Each structure stands twice: as C-alpha cells, then as structure tokens.
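Starting off with a structure, shown below.
Letters A, B and C name the chains as they come in the text, with residue numbers starting at 1 for each one.
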C-alpha cells in the first residue's frame, strides 16, 4: 500500500480552488477516508476514479460536511471549511449533485430547480437553463421524480448551475443512463467548463471521464493513490487497468 | 319507528355543527403534530401540554398584564413557541439520530412534568377565562339551533389558520424547503439552507399552533392543567387516521372525525370517546399508512 | 371505555407505593403505630377538592386528636389512585399487606371507593369514605368495615333535587358521568323526582374521564324541553358543563341543577358564571365559628384556599377514628377493623367540621346538610365568600332512611 503522496500538479500550483490535505472521515464507527490529498485549480474538470468502495462518494460527502466526524483540512478559495456546517459550506460556493441525484418527489420540476438558494452572483438564469435543458421547461409542473433518469440528472445539475456556486461536485452523473444521454451529459459538462465552472466529477467509467476531464485522481482504500493528466491517459492505461480492475 | 328516525334527524343537524367546532380543535392540533412529525420525525407527546400552556398563558396575560383575548391570540403562541425553541435546542435535537421512541418518551416525560408543575401552581379544577366581549351575547339563531358566536369564531379562525398553514407549506419557497428537507434534509442543508434552524423554527411553529388552539379553547373549556391530555390521545388517533405527517390529511381528518364524534353523541353517547379509536383500528387494518399518507 | 394519557402508565401507577417498600415494611412491624392511608385523586379532575388538601386535613386531625400526648404514634401515607379502580385496589392491598395500614381515608371517585370497599372487607381493615359519593356504600353494598362520612348521592338528590322540584321543576333531563357515581346520582335524583310527582324525560351519559366538550349533551338537554337539566357529574366535568351551558344560553329557558358542586368548583368557575346556582354541601367554611376555626387551621397547607366538605370530612373521620382507637388501645384497634368501626359507631361524634353527630348502624355518618345559593359577584365580600344559606336540612332528614337502603347490617 503506497503512502498517501501529496498530489503533484503538472506545473506550478497556481490558483488552487480546492486544496484537501489528510482528510479523514467516519460514518459512525466506520473509518472511510484515510488521509485524502488533492488539489483542484479554478476552471479545471477533475475526476475521481476508483473501484466501488474506494471512497470517491465519501470524498464528495466529506467535502460537503455530510459524513459523520471528519478531520484534516479542506481549503476552498483560501478558507478552511473543515469546521463549517454543510449549509455554510454550500453557501461558501460549492454546488453538490449527489449520486442518487436527490430530486424531491414532493416538489415539482420548477420547485426542484428553484430550491437551492443563490449563493453568488453569476449563476445561470432561468432562460439560459431552459435553453440548455428544454425538457425542464416543458415539464415544469411535473412531479420531480416523474422525469426520466436523464431528465432528473439534467435537473440535478441545472439547479446547482443556477445558484452561482463556482465549484460543482458531481457524483456519477452518467450512472444507469443510456449512451445517448451519457453523450449529452458529456457535452453539458464541457459546456459548463466553457462557462468557467470548476468541476470535481466522480466516475466509474473512465472512458467517459476521458472525454470531459483535464486530470484524473485514482482512489483506493480511502486514499488518493495516483494522478494522471488526461493527455497521458493513453500511456497510462495499463496502470489504470490495474487500479480499476477493468 | 319513523317518528324515532325523524327525531334523530332533527337532533343530528345541530350535532353536526357542534362536531365541526370540536373538529376545528382536532384539526389545529393534529396539524401542528403533522408539521412537527413531518420535519423532525418526532412524535410530539408534549403537544397537549403545550395546548394547555397556550390557554394558561392567555390567562396570565389577562390577569397579570391586563392583555385581553385578542392580544393573547398573537402573544401566547409566540411565548409558547419560544418555549418550544428552548425545548428543541436543549433536548429534542439530541434525539434525531435515534429511534422515534426516544422522542416520544422524552416529550411524554416533558408533558407529565409541565402538567405537574402547572397543577402544583394552579390546582386541577381550572381558572375562569371569559370570552371577548365582541363574541359574547345572544347566540346566533341558525334556525335549527342556537350557536354561540364564539363557537362560530372558533371554526372560522381554525379553518383560516389551517388553510394558511397549508398554503405556506404547499405554495411558498419556505414550504418547498420544508417539504424537501422532509425527504432529504442533508442535501437541502448542503444547498446552503440552515436546516437545523429551520427544524427548530418548525417545532416552534407546531408548538405555536397548539398554543393557538389553547387560546381558542380557553373561553369555552375550563383552563386546567389536564385540558390537553383529554384532547391529545384523540388527536393522535386523528393523525394516525389521516396519515402521519400529512398536512392536508390531518386537517380533513380533524374536521371529519369531529363530525363523526358529534353524531355518535346523539346515537350512542357512551361510545363517543371510543368511536374515533374504532375508526383508527379499521383504517390501520385497511390502509396502514392512513387515509392520506404515502405508504 | 375511555383512554386518557395516564392510562399509558397504568402499570407504573403503583410505583410511588413500591418506592416505600424497604423501610415501609420494616416500620410495619411496629405495633404501636397507627397507619392512616389517604388514598385520593392527587392529579386528576377531583384533585382540588380532595387531593393534597385531604392529606393536610388528616395530618391536622392527627395533631388535634392529642394522641401524641398519649404516647400513640401515627403515620399518614398518601396515594394517588388516578381515578382508576384497579389502581385504587392495588394501592390499598399493598398498603394493608406490606405497610400495615389500618385505615384508608378519602377515596375519591365512587368506582374507586367501591373497589377499596371490597378490599377492606376482605382484609378486615377500615375505609372512612369522605369523597366518594355513591349511596350504595351504605345501601346494597354495605358492610361493617366502611363508614360513609361526608355526604352521598341520596343526600344530594334529596337536598338539591328536592328543592328544585318544590320550586316547580317537575320535568328533568340528566347529563350524567358514565360511571358508578353518575349512575347512582342520576338514579337517586330520578327516584326522588318521580316520588314527588315529577317526570324524567331523558338522560345522556358522557364518558369519564376525558370529556371536555359538553355542548352536544347540553343541546340534547335543550331539545328535551325539560324544565330542569340535572348535572350528575362532578369536578372539572361540572365546571365545563356549567361554563358551556351559560355559553349556549341554556339557562334562559331551563334551570340547571348542579347536583354535586363544591366550593372549589365555584372558585374555579368564578361568580360571574356560577351566580344563582343552587347546591348542597355539608360543610362550608363560613357557617359558624367552628367551621371558620377549621378553615383557619387548614388555610396554610391549602395555600390560602378554603377547605372543601370532602377535606373537612377527611379531618372529621380521622379525628373520630383516632379517638376510638385511643380508647380501645392501639393493639386492639389494629387487630380488627370491624371491631374498631363498631366502637366508632357507638361513640357520638363532635368536631369543628360538622358539629355534633353520630354514625348509624349501616355505616352512614349523620350530620345536617345545607342548601346554598351561589352569591352574585356584587354580594360577595371577598375571596371565597361564595354562598348564601338557603335551608338547613337536619341530620335525621338529610340522609336516606335506613330502612330504604336495603343494607344487610340493618336488622328490622
């Protein structure tokens, strides 16, 4: 088991938006993160790769303060957030799209979309969102959970684009979706990167990850064990296959 | 036989109206319980005691501060609501991660303590509290019965408050937060909403509704420490029949069961305290989630 | 059946008594200690009329009896039966079996009184009942271990009911608490009304405890068009009934007969609502120097309230018991409840609560009863000045003639 190495950024570390050092987290008695280190620069799309149970989802939840106890350091835009409550972290400017998408059954599509409060200026306005996701406009009065899986995923991402949060945590947005929808999601992630958002993406599917990300971290047993630049992916396939067991 | 039936019918119309008055109290109380259960997952057994406190605070405001009924209608729910905030912050909030049973036991214990303290201070037979002058005087003649003005006011006020609460929850942004947090509180909090504070205020609002019902009850029922415990078991049955946590369900069931109880008082008065529990048993067998609950 | 919050803890009801176990049983060995258990409603609808005040009254009686000077030790226990007969008999048994209690006093609520009535007979101990009202205690159910002290349903019916009928109220409708007391009071009043040529048009029975809203019952009473609406209930139930009767304007066409109302109920209702009601009691603090003297002594422990007839009865009963027991000797008094009661019946009574009186063969304590009218707010000179005396019924007329009670102790 390699020790948790400090992640190495390809060039000098400039404009780091999120810096995580020695992050440990627990669910009750169970210790799920064992000293995660990673950095994300403004404007990057970074993925967390790894097998089931490697700690990818737990890392996102720990960033949001949604695990039980957590220790270490999570610095977002220069502010230490390790002792903040989830709502304070959310208001600091991190948008979270959970694995199960978190669409609310008791809210209609518009209510779901409007639910997260604005945390900053500069979020997408409703016309822009409707232009990006026309289905959400057509089905505005439907119950949130009546949408298709792909539409729900769009809604889950759209609602955090609205809030102005500059960093988005997306947990497996492609899970269980048809290939054509996966392509749409890929296009959307590239689009929001264009608009200057920073994205931390959890993915099992590294072929998809390759199409959207600048960089990849690999997790194993609750630690970050490797990092790969996207353009080095081709040359690192053997290594990645070993980690991911595909 | 026919004569008997006609007599029953003639007797029934006023009873339906009176049932509506009782139903107004059931609706207000079960509404508060539903709001609290939906948001906190706590079965608030102290609800009856808080109803009683509402009535007593109205009495204190009148006798110690000279504040009349109309002021008490606003102030008493606020004061009891603040008491609710303290309870939630210091005690109930520690139990959210545990089984329902703990919240139930804690609030049940609190209810006994609160009632005991009031009993020590004020005795058990109650205190007089007169209806406001504007609502006393000759009862309204409805043709088939004489209905005191104050009872009309109780139905109107309770109905308005129920509708207003429903609108807040179903139609406003705050209501959307509440509904969303009921489903997935951690996610709503991660969106930047201060859910713990919202939970506290929701508890206070539920408690405030109980206190408001208490103020409404003060002029017609004896203001005594046991006044809430007489109501609360029936109200729990109403909540179970309507479906735990269902806002609309609790309001409709509250008024509906008031009517059923009123009719029972004509047909077989000895059973009037039991009929609601019989209905509860039947509903639980046929629809365990309650009439309006989601399974 | 009625469910209330407290029934959830029904099983825990005897816990206070259990708590006394370790040292209670040790002391029970002491043969020169007389043990008086005050078993009453400490937390429910009747609490203010009896409850802690009854305990205080019994303690006062112990002090006034002077037994301490005769080197007799007395211990007073208290228990809350929560108006539940099963709880009442459980506590009574524990008191007698484990704690060596000799006499059980007060026993509010007729259903509880009847339950304890059975226990003391079985164990050859004593019940001195002040607050329970059912006249069956000295009627069909009578036995030699119980004395019914203060009042009973027959006396209430006779005094209040009789007065209403005489005043022209010859058609009646009853609103009745659905348990032993309400049934007995309705029966006794109904009998009286019929005997005097009146008619009972109907009745409605409300669940006890747990009824708060009486409006539908009052409405049925209104629709009956009876001249008199008889309230065969007590405590908070009566208070709520009277309050809501005023609200519904019932009293404009009909007369309200509060068959059992005591001074603490009037205090709770306020004179505005209660004025003009006619009611019967056997003790009122402001009757004479002796009653005022007793009230003065009890004012402290009662937090400034005036004693009720129920509490005064507990005082009077305990005082008389201690006199008899001291005369007999403690050992003998403890040995047989029946003998002690027989001794008490043989002695005349005299105390500040009821003045001179006696105890009849069937266990009925005899003293005068009083018909009062509640004063208007303007007539009242201060707190607790509530009653005008309308009529005094002498002791020999106040209670049911022994021959009519079908008590087996009475040999004709």
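The rule we apply is simple: a residue touches a chain if its C-beta (ideal position, glycine included) is under 8 Å from a C-beta of that chain, and two chains touch if they have at least 3 such contacts.
Composition by chain, UniProt nomenclature: A = Branched-chain amino acid transport system ATP-binding protein; B = Branched-chain amino acid transport system permease protein; C = Branched-chain amino acid transport system substrate-binding protein.
Quick caveat: nothing in here was measured; it's all calculated off a predicted structure.
Undergrad: Of the chains present, which has its C-alpha mean closest to the combined C-alpha mean?
TA: B
Undergrad: On a CA-centroid basis, which chain has its centre farthest from chain B's?
TA: Greatest centre separation from chain B goes to chain A.
Undergrad: Given the two chain pairs A-B and B-C, which is bridged by the higher number of C-beta pairs in contact?
TA: B-C
Undergrad: What whole-Å value do you get for the distance between chain A and chain C if each is reduced to the mean of its CA atoms?
TA: Each chain reduced to its C-alpha mean, chain A and chain C end up 75 Å apart.
Undergrad: So, what's the distance in Å between the C-alpha centres of chain B and chain A?
TA: 44
Undergrad: Taking each chain's centre as its mean C-alpha position, how far apart are chain B and chain C in Å?
TA: Distance between chain centres: 35 Å.
Undergrad: So which bits of chain A are touching at least two other chains?
TA: Correct list: empty.
Undergrad: Looking at the complex, which residues from chain A come into contact with chain B?
TA: 64-66, 85-91, 96, 98, 102, 104-107, 111, 114-117, 119, 160, 163
Undergrad: State the interface residues of chain B toward chain C in the complex, per the touch definition above.
TA: Spelled out, the residues of chain B in touch with chain C are 10-11, 14-15, 18-19, 21-22, 48, 108, 111, 116, 119, 123-128, 130-131, 138-139, 145-146, 148, 150-151, 220-222, 224, 226-227, 229-233, 262, 265-266, 269-270, 272-274, 277.
Undergrad: List the residues on chain B that touch chain A in their complex, please.
TA: 173, 176-177, 179-180, 182-184, 186-196
Undergrad: Would you pull the chain C residues touching chain B in the complex into a rising list?
TA: Against chain B, chain C makes touches at 1-6, 8, 43-49, 51, 178, 204-207, 209-213, 215-217, 219-220, 222-223, 235-236, 239-240, 243-244, 247-249, 264-265, 267-270, 272-273, 305.
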